[in-house]
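Sending over a structure as structure tokens; questions will come in a sec.
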Amino acid sequence: MTTTAKGPEDLIAAYTQARAATEALCATLETEDYVIQAMPDVSPAKWHLAHVSWFFETFLLRAHLPGYRPVDERYAVLFNSYYNAVGPQFSRPERGTLSRPTVSEVYAYRAHVDEGMLALLEGMAAEQTAALAPLVMLGMHHEQQHQELLLTDLKYNLSVNPLRPAYHDRPLPTAPAAPLTWRSYEGGIVEVGHAGEDFAFDNESPRHRALLEPFALASRPVSNAEWLAFMQDGGYATPTLWLSQGWAAAQREGWEAPLHWEQIDGSWHHFTLSGLVPVDLDAPVSHVSFVEADAYAHWAGARLPSEEEWEHALGGLPIEGNFVESGLHHPVSSGLTLGVDGYRQAFGDVWEWTRSAYLPYPGFRASEGAVGEYNGKFMLGQMVLRGGSCATPASHIRGTYRNFFYPPDRWQFTGLRIAKDG
Amino acid sequence: MTTTAKGPEDLIAAYTQARAATEALCATLETEDYVIQAMPDVSPAKWHLAHVSWFFETFLLRAHLPGYRPVDERYAVLFNSYYNAVGPQFSRPERGTLSRPTVSEVYAYRAHVDEGMLALLEGMAAEQTAALAPLVMLGMHHEQQHQELLLTDLKYNLSVNPLRPAYHDRPLPTAPAAPLTWRSYEGGIVEVGHAGEDFAFDNESPRHRALLEPFALASRPVSNAEWLAFMQDGGYATPTLWLSQGWAAAQREGWEAPLHWEQIDGSWHHFTLSGLVPVDLDAPVSHVSFVEADAYAHWAGARLPSEEEWEHALGGLPIEGNFVESGLHHPVSSGLTLGVDGYRQAFGDVWEWTRSAYLPYPGFRASEGAVGEYNGKFMLGQMVLRGGSCATPASHIRGTYRNFFYPPDRWQFTGLRIAKDG
Amino acid sequence: MTTTAKGPEDLIAAYTQARAATEALCATLETEDYVIQAMPDVSPAKWHLAHVSWFFETFLLRAHLPGYRPVDERYAVLFNSYYNAVGPQFSRPERGTLSRPTVSEVYAYRAHVDEGMLALLEGMAAEQTAALAPLVMLGMHHEQQHQELLLTDLKYNLSVNPLRPAYHDRPLPTAPAAPLTWRSYEGGIVEVGHAGEDFAFDNESPRHRALLEPFALASRPVSNAEWLAFMQDGGYATPTLWLSQGWAAAQREGWEAPLHWEQIDGSWHHFTLSGLVPVDLDAPVSHVSFVEADAYAHWAGARLPSEEEWEHALGGLPIEGNFVESGLHHPVSSGLTLGVDGYRQAFGDVWEWTRSAYLPYPGFRASEGAVGEYNGKFMLGQMVLRGGSCATPASHIRGTYRNFFYPPDRWQFTGLRIAKDG
Amino acid sequence: MTTTAKGPEDLIAAYTQARAATEALCATLETEDYVIQAMPDVSPAKWHLAHVSWFFETFLLRAHLPGYRPVDERYAVLFNSYYNAVGPQFSRPERGTLSRPTVSEVYAYRAHVDEGMLALLEGMAAEQTAALAPLVMLGMHHEQQHQELLLTDLKYNLSVNPLRPAYHDRPLPTAPAAPLTWRSYEGGIVEVGHAGEDFAFDNESPRHRALLEPFALASRPVSNAEWLAFMQDGGYATPTLWLSQGWAAAQREGWEAPLHWEQIDGSWHHFTLSGLVPVDLDAPVSHVSFVEADAYAHWAGARLPSEEEWEHALGGLPIEGNFVESGLHHPVSSGLTLGVDGYRQAFGDVWEWTRSAYLPYPGFRASEGAVGEYNGKFMLGQMVLRGGSCATPASHIRGTYRNFFYPPDRWQFTGLRIAKDG
């Protein structure tokens, strides 16, 4: 998907591609896999499929396509995620209790919305295109976000099953880990945040100045081998390494390793989208929470970078070609091709926890209307992640992107890269 | 299904019929409907289908069929309900988080078990038949119990969906309610409990003497019209009518009517297996808990009967012919044919709450081995229900049957018949 | 306290004695000990002191003493336990969050109520005495119930403190346990329940016939030595011995011994009102729940007696003289004088769990008015205990008394006596 | 208390003053008031009294006073708040279940520690003074922090009591609110954080550069009159004003006004340390959470200031003389003297929520050893407050001070001052 759409034709092509990419991700699913919700944080696959359609229906078709008739008025509630300005929402932790609409009906709903969207896009006059294109673009990037969530939620949903069913049978890519080196940055007053005409979410704006002191950043994310050293040195049993909230979570949940790791006959394995396999020591560690990442950095005598440091150092790098493919790139779990130059891994292996709380940028204003609830209201209690993961669509990755999750969250493809002062 | 099986042929016929009846109940289901679990008390339909097969596999095939090979050893854990002596169990409240085995795989599991069972039954010598027939019979009655649970759980699972999907499109039967009259009984020393050679669960034994004082019993269960009078008289808002635990549940859960009732434009409707329909005032009230039933009886200046009173008065009555059909009879919700003689309703409309706690009969002994966990360990905290409901297989109904649920449970087809002293 | 009061003078004497006995129990308390509430089931000592006064104030002074002026109208809510017909109640689990009224103010409240009660009792004409005496008697027996609860709650409240503070410094009585023998009873139609003019709670009525099959009863409660044998035989680790609800509680709570037991240097101690002391193997086991008692009986190849069996066998025995003292007898924990004849222990060592659910007797009617909430509304989900404990006032013990607690409750002085058929 | 202690004599004087100030705060308490804990976030007064002593005992007496003998070794666990490096801790939410040690024993513990501390301080050689003075100073500032917590926890503990008992009978100060005006700041690169030799907590360091864009700051905190306008405009019922986490909290807790507000006959009152009184419209609003403050700012078309903006604008202002008194100043609730110049209110009325997450300053290093757990491990999930409240000891207030609480917390004296860009 191109990130800047100039006219209706571009929009139509991009829309069609984004929608198809979502469905392509479901090619290996059984009907039953679409239904389940193994914890409140994740959603059933069919909910994702429907919700992204609801987004187009609510903000574009109902508002701007004369004569549009919804498939079912009750979907307005069922597939509203959290938009209070739109109306009530079905209880999030109970999404997995709904067998209907069926998977077929959800696909029919998608087709119905697609039909409406194409009618809308094809019929738009130039000024309407200018007016609506931002909303269409938002809907497509929203769809891309859910492509990643669909995969991470599926991985979690499958992981709780003692049968350990694989999402697909692709082998995991492997490559030796590059040695970890440090690159230094002088700091000073730098600019961060989104600039230009390309699409970006509101939370990436406004572009603004930031003051950085001199710092150094590791050449690549922390590897499984390094994480294992932390574990073997008692990292999970040493409270003084941990933030208080992290230690409480680790004790309450019994953490002794990253999520999805399990020991089989004394050897560490992890559950991946390709099933249960031995941990690849060269791959970046994944499925660690912010509080684990912070404890690791503490143990390593380092710290996490701030999001401004990260963006200044890595945000301008080109996306490596090997990651650019239509739809998702490398939809596999924590076992990714590591480039010979560690910096390639800035984009596309694991989301990298930063030390920055997810807060509004100076001068931030949420969008007008209901879409203003998209990002702004979540700017509390979460931490920023940067980069992108193996489950992020390549065209969805950019240097100013701010991802965010709660400090104990572990079900995303989340890792870390360490930093230090001076 | 005949309740006494004489030889292998009878057993095979009965087994085949019982297994087919279970699958027939699923004819109208979508694949997705098999997967969900809308609260911890209910199970997914595919779990029921698998668990009853696990029962035969565990207690007959593994133990008695030489060379039997299970489909998947992990099913031993996944489909064990609560038999600690057999081994560990997958967490009950999380059964709805499992997409695998798929519905197809579960049917294949059923077919595999059926194949084994037929091989076992066909190959049995006479003395083996005598030895194993009780276990086979137990397995079939167990399957019948789950036929009812499959329906009640499905009803609940569908009910939480705002789309209010119907299980089937059969119209609900209707008939005028007979006037409620009282029939008196002298009491004295009577005998209750199972006698004879026909099948019965261990909790119906031993047959024993009970002392009854004179009492009277209503000619039919309480109707929806009568329940509505209770509601309109403030029954749900008058704490002095309620047991303490009942009042607490009613406040906590916000009860204002039976489960599944909702007011639409000022008129009471209820969700049934045929969808959302107006409440039929002539039908017996259903989906009320013990504590609601007790409050009603208190309000009516009456009481619930003891299980011994119920069995003495109604346990010997013949099952009305119109209820006898293969498989289930009247798999519909609370809108059942009412005979002209109210006593017909003793069997087959709603389970009737009694005032008796579910405790072991004098002299009760649980069966030896793991099947001893079938009933005995649940003899605490539950109340006895008698009769049978529209979802009970006709051949599963008998006068000595002891059903049991917790005092606040409402998702079964449960109603009440009032009694009084003297 | 005499149990039948003939005239105002008797009533006054009995009232004065009952009230004084309550306060005598608090002689060793620090002010702080009156305030705390270590779990929702227990109440602070000062709440008990106030609530029993509220009972007299509410049902006698406000209703029958012209010109009575309450100390504080807000006490009507603060000290109402559960009488919905009287009005709202302060949240029970939060009683321990109230520092006011202070202990001194509570004693002043008691004195104020006593003054009113004496004015009422002294001023009553004969017919008023006849009319009000039952309520006064009820208030005094209510006060006696709370004397026991005050002690058991104090014991629990002190037990959670790592300092293990003792309630008093009296040594525990000791005596060798008599050998356990069996006494047989023929059964037949017997009469149970309260008869005569003496005081009894409404739940002990009406006296009625019961049919008993032949049974045998142990000569004394189970001892600590016997319980230790159960423990050492894996009783707490064998699920097949347990009721399902019991096993769940044992796992959830991590039970490995009775409440208050702890191992010190490999030797079992228990926390008593006299502090932490070694377990006396000869004493009756105490602080076991119904579900533990049931598992023990199962393990011992026996069962618990029904409450009718217990009453028939032991209810008519005289109370041993050594237990009769004013106020409480033996306010100590599980280390009681064992008579040479085990039957003496029927009264006064530990409450004995029966196999009977706490349900209304045939023909039971709750009292009219608010005091009707005293007992009836709790007749669900609890099990009957018979006898009396070392914390029960001697004059409060009688053969028809029905005590009741929930199956997992352990903080009372509760033990068991086993029975068997035939 | 002077904030820089030069020699043993100064230290002794400061120590003595700090300890006496704590006890002076308890002059009006009943014994019972010391014991209770009305929610997990607050602690009993006697726990505060003991814990601050434990701090001196643990970090100074045990480590540095030869021959020191603790009163009770078990206090090491009971009064350890959260120092994992020191050892285990008694469960925080259950502090209110402990009646022992009694209040008298706690005061004896304090005296014992004081005796030890004086012996230590009087006997120190010069070089030891230099070495230990920082720890002594830390202990005294720690004691001051708990002086404020003691008051805020007491207020909360008393507030849940329907008797609404007052802490003291001092009248609340009143004064007209100054008009709200805006003062503009140019921003640029500024310095924030602690500098110099005076005492400061580790979280105020290191002093570092920050880049501020132009901003404006209100001349005084938001008043109750202004808050009432927010309420009357539907502020608590408009989800689009709120952060998602805030809206969830507001719905779950039923917030309709600041904590402690209640309507009496249509007129707003609030519970204060002086009891229940009408809300003073001129006083700064208090007892609002971060999420309420943020919603208010949103409603007002403004925002909260960052902590750097706050410190740059207000941190250098002198503390007004009228606030400087030994011990606490104005220990009253939200009804404080407002100066004619609103800027006076920067210090000493209410803590002011900022938009800054509580995170480590660039270059922050926690102290070595167990005291390193003092601040650093809480740098996650909380928001920074600046200024100081009516319950903050005057000598404890300074411009670089970083207070921090969780976004939904309301039991502190917390208000807000609004800011805007440019």
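We just call them A, B, C and D in the order they show up, numbering each chain from 1.
Everything that follows uses one rule, which is that contacts are C-beta pairs under 8 Å (C-beta built on N, C-alpha and C of every residue); 3 or more make two chains touch, one makes a residue touch a chain.
Everything numeric here is computed off the predicted structure, so don't read it as measured data.
Touching subunit C and subunit D together: no chain. Within the contact network of the assembly, the step distance from subunit B to subunit D comes to 2.
Distance between subunit B and subunit C, defined via averaged C-alpha coordinates, is recorded as 38 Å.
Computed from the mean C-alpha positions, the centre of subunit A lies at a distance of 47 Å from the centre of subunit B. Centre-to-centre, using mean CA coordinates, subunit A is 60 Å away from subunit C. Touching two or more other chains at once is no residue of subunit B. According to the touch criterion at the top of this document, the contacting chain pairs are A-B, A-D, B-C, C-D. Those residues of subunit B that touch subunit C in the complex are listed here as 82, 84-85, 189, 208-211, 213, 239-240, 242-247, 290-291, 294, 355-357, 359-360, 362-363, 372-373, 377-381, 407, 421. Only residues 30-38, 72, 74, 77-78, 90, 94, 96-103, 157-158, 160-163, 165 of subunit A touch subunit B when the two sit together in their complex.
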